[in-house]
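Should a chain be cited, it is by its letter among A, B, C and D, assigned in written order, with residues numbered from 1 in that chain.
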Amino acid sequence: MAPPGAGRGSEVGSVWHTDAVLAQFTTLREAVADLIGDGDTVAMEGFTHLIPFAAGHEVIRQEKRDLVVSRLTPDVIYDQMIGAGCVRKVIFSWGGNPGVGSLHRLRDAVENGYPHPIEIEEHSHAGMAARYAAGAAGLPFGVLRAYAGTDLAAHTSTIRTLACPFTGEELAAVAALSPDVAVIHAQQADRAGNIGMWGITGVQKEAVLGARRSIVTVEEVVEELVPLGSNFVVLPSWTVTAVAHVPHGCHPSYALGFSTRDNRFYVEWDEISRDRATFDEWIDQYVNGVDDHAGYLRMVGESRFEPGHLRDG
Amino acid sequence: MPDTTYTADEMMTVTASRHLADGAVCFVGIGLPSEAANLARLTHAPNLVLIYESGTIGTRPLTLPLSIGDDELAMTALSVVSVPEIFAYWLQAGRIDVGFLSAAQIDRFGNLNSTVIGPYERPQVRLPGAGGAPEIAAAAGQVLVMLRQKKRMFVGTVDFVTSVGFGRDGTGRPASWGAGPTAVITDLGILRPDPATHELTLTAVHPGVEVEQVRNETDWNLRVAPEVEVTEQPTTDELVVLRELKQRTEEAHRR
Amino acid sequence: MAPPGAGRGSEVGSVWHTDAVLAQFTTLREAVADLIGDGDTVAMEGFTHLIPFAAGHEVIRQEKRDLVVSRLTPDVIYDQMIGAGCVRKVIFSWGGNPGVGSLHRLRDAVENGYPHPIEIEEHSHAGMAARYAAGAAGLPFGVLRAYAGTDLAAHTSTIRTLACPFTGEELAAVAALSPDVAVIHAQQADRAGNIGMWGITGVQKEAVLGARRSIVTVEEVVEELVPLGSNFVVLPSWTVTAVAHVPHGCHPSYALGFSTRDNRFYVEWDEISRDRATFDEWIDQYVNGVDDHAGYLRMVGESRFEPGHLRDG
Amino acid sequence: MPDTTYTADEMMTVTASRHLADGAVCFVGIGLPSEAANLARLTHAPNLVLIYESGTIGTRPLTLPLSIGDDELAMTALSVVSVPEIFAYWLQAGRIDVGFLSAAQIDRFGNLNSTVIGPYERPQVRLPGAGGAPEIAAAAGQVLVMLRQKKRMFVGTVDFVTSVGFGRDGTGRPASWGAGPTAVITDLGILRPDPATHELTLTAVHPGVEVEQVRNETDWNLRVAPEVEVTEQPTTDELVVLRELKQRTEEAHRR
């Protein structure tokens, strides 16, 4: 557990020099190359909405290895990274293709050790959320009323119990989750690198605040953030490491106000991912066969987006 | 007016929807529960409060979400909050009247498995996992379970307790929790826990279903209530609303 | 600690009957009469902004007694209630007149037992915030890194320590604060009784969600809540007990978008409250001498408000 | 260009403002700290990030707030969050570079009292209390303290430790915390903790102030650095900006 305030600056003369530098605008390629190392714990978060697919593809393209990846809902993004051999361990709470069925690459790895065996660390959503919140709050653990009577605690070392010092009630404690790198997709950045997102924002704020480094891809760069809609969340520039302008960087997920979810892709993924060869072919073509996300979007075809919901990125 | 041309799934969904009182606060899972909850909202329970674990509170979707965080949920919600908040301030705090769950396996004491078939370390089938279910099962005022009655799903003991009904032996549910599963609604009928032993007991069958059919699709010696009720057929209104909802949904998801 | 989900409904036949009823529109007089009882623990919250003064005055007018009142910043509202003899105990973390000086009635009660002795239970802001948050989350306690080395813990029984089950680090635990009644002032209610507030919202959401009952006074009633500005917070109607339409119900505090803070009043309060007789006179005239908040506003005079910032309530 | 017509309070505020580097994240208390922090922002540190405990992040007030939650703070902030969040996610998490505090008493090891004068149970003077100070003092990367040098405030031991400097004997500050008070800036000069013993030591006086004056206003045997520096006088620019700020503020508060 990093102590609060420790190691974040140094006093030179009478002036405090801070590490709280502003976010740097960069390309996604550079951000992934510079900030994600083999073996890192990486949280690429987004709850159905705003899933950072472009960043996931860049991780595959750069052949990152041995990653420990955390996410409440691994979803198709981790299915792709697992199938492509980037992942050593998955920390998660629900690993399916929402509304469709299984994540076949995740299952193949867990059930058959293909392309190589992976470890899993399994929680409930409530537990994962409490872990990220503890990380964001700089606490070593979170407390919640959870897991009692289930078989989960027996298989997961980051779940323990503790007694309330006032009532004696036994509650669950979960270890804080403080990733090396948090990666999210947001609707907007302003020119100073402050991030604005709205709609369903999941645990993204907590993931970024709890992480050592962070990468944010955004739909658009604006002069000024103007709060709109329900649940407008701001991450100040100095809490973010790198910002990359990647329109539709969340496809096939969606960005409220910019695109709708490509449900058809999620259904098709069931077929693509079921077979190892078909999967490899898809990755070769749509991820490794293109230079960047703009190339991916051209492959996918603009027809995949709901035109009425699109703005120019 | 009852409509006699309906499917077993429609019967199940309609029956489940009737279990939701107007004004109740309902924490909804994706799939069958979401369908039933929205049917209730569009028929007899216009003030049903639907909460999805993605953080949408008081949402009124026109089409069913394919995923728990679809834009339809966010855009029609009274408010949207973070996922840590939805679990801490809303579910854990005891603000939910009805939790609505499904699963891959259920046992005779209403325990649910959505984690693995086979041993945990070497699973035959790796299922998606817990999601929000364990805490919904514990904290909601009561839990409604919806799943199709199949022998491989209604098992004597589940391979993994993802969410607690009444515990492995029926006595494992702390008194301080919510009431637990009060009804398991299937495509054949309704099972309810025995008030004393908490063993799931067949209390109702859908019209035209024989008790023996239900027994055959249950992998334990199913208890049957002394008087098994017959559920009421769907009304025309319920079927029309349900089918329109599903059609709107299919059209939306095909895009 | 109330168990989750317990005692909130009953099953009749196959239909669950819920207690989650919608908020009732009522007058402030009725709400205070019906929902606040002598001896209750009452949290009248608001951090500089949106302080529910009208409700505080109604408590004085109705001669409520033996209240346990909690607030991070007791402010002038509790100074008035303490001086008027309504309060048995104050739970707080900073008891001053912000930017001006002392709360003389609070000091007179603590230092001289006038008008009668009062108990105090004292925390830091961080601790109070964690206590309300635990109450809102239905947990018996909150965890934070706080109080170590200070003399506060020795005097406050709702502060204890606990060890992290993972790292062994010793942290502070604070007992959850779950008031009998939470009272807040908000900018808007819609016709269904859903509450919308924005700007600085302090711990108000937590206070209402953690309380058994709640009273919300609002600046205006609108057809529909439309999120605007930073930090737009919604309390669904079914989390609130009573809503009363009380324009300027927070004077001399302010409601962002409706009024500015009456700083002059806060400065004048220093003189008014310093002397027992002057204080009594003020209460007689401005609180007990009027029927309701409209009467108070007439006494205060519309000239006290910043005209440019006012809308018709 | 130095301006020789300034008050001791102005000297103190200007000196404190110079301790804030551009881009630092500063958690600001009301009163003297707020004045100094905003002076810094309006002069040499335009990118200073000001956080107030009312939940305003990155606020850029045109006038000084009378209270910690004034509308000026909310309306000029990059974002506003709840009070539980500002303390948990922002202060406790170690995101603050500089905490800026004042107090009614300070002792030789930089411990601060803002709770009571006299015994806690029967206080001579009941002060406002802790507010956000104890956790600011613990979690901020460093702490700047501003208060006027008066014998009754600079006491050997404080009546109550509201916020920890280096503990009652100078050894009580855990290594895992932030650096603690690095400078106590008064209207007479600057005291800094001795690197070894943590005892506050006079390291600088303001122009025209004698060391003896500072000793006289300190109720313990004040240590004095071998070489006492003299702080630099306020520049005309600093004074103009500060005076305009205060004038705007007075006009705003008079309304």
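Here is the rule we go by: contacts are C-beta pairs under 8 Å (C-beta built on N, C-alpha and C of every residue); 3 or more make two chains touch, one makes a residue touch a chain.
Owing to the predicted nature of the structure, the values given are computational and were not obtained by experimental measurement.
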Neighbouring chains shared between subunit B and subunit C, ordered by label: A
Whole-Å gap separating subunit B and subunit D, where each centre is the average of the chain's CA atoms: 57
Whole-Å gap between the CA centroids of subunit C and subunit D: 29
Subunit A and subunit C: spacing of chain centres that average the CA atoms, whole Å: 38
Sequence positions of subunit C contacting 2 or more other chains: 4, 138-139, 144-145, 205-206, 230-231, 234
Residues within subunit D bordering two or more other chains: 79, 88, 92, 138-139
All pairs of touching chains, each written as two labels joined by a dash: A-B, A-C, A-D, B-C, C-D
Of subunit B, residues touching subunit A in the complex: 30-31, 53-56, 65-71, 73-75, 77, 79-84, 87-88, 91-92, 115, 120, 123-135, 138-139, 160-164, 167, 172-174, 252-255
Footprint of subunit A on subunit C - complex, ascending: 1, 4, 138-141, 143-145, 158, 160-162, 164-167, 169, 171, 173, 175, 227-232, 234
In the complex, subunit A residues that touch subunit D: 2-6, 8-9, 11, 14-18, 20-22, 136-139, 194, 205-206, 209-210, 225, 234, 236, 238-239
Contacting residues of subunit D [partner subunit A, same complex]: 18-21, 23-25, 47, 49, 57-58, 78-79, 88-89, 92-98, 138-142, 175-179, 182-183, 190
Interfacial residue positions of subunit A with respect to subunit B in the complex: 47-49, 72-73, 92-96, 98-100, 102-103, 106-107, 110-111, 122-126, 129-130, 132-133, 144-152, 155, 199-203, 205-206, 230-231, 233, 254, 256, 260-261, 263-264, 266-267, 306
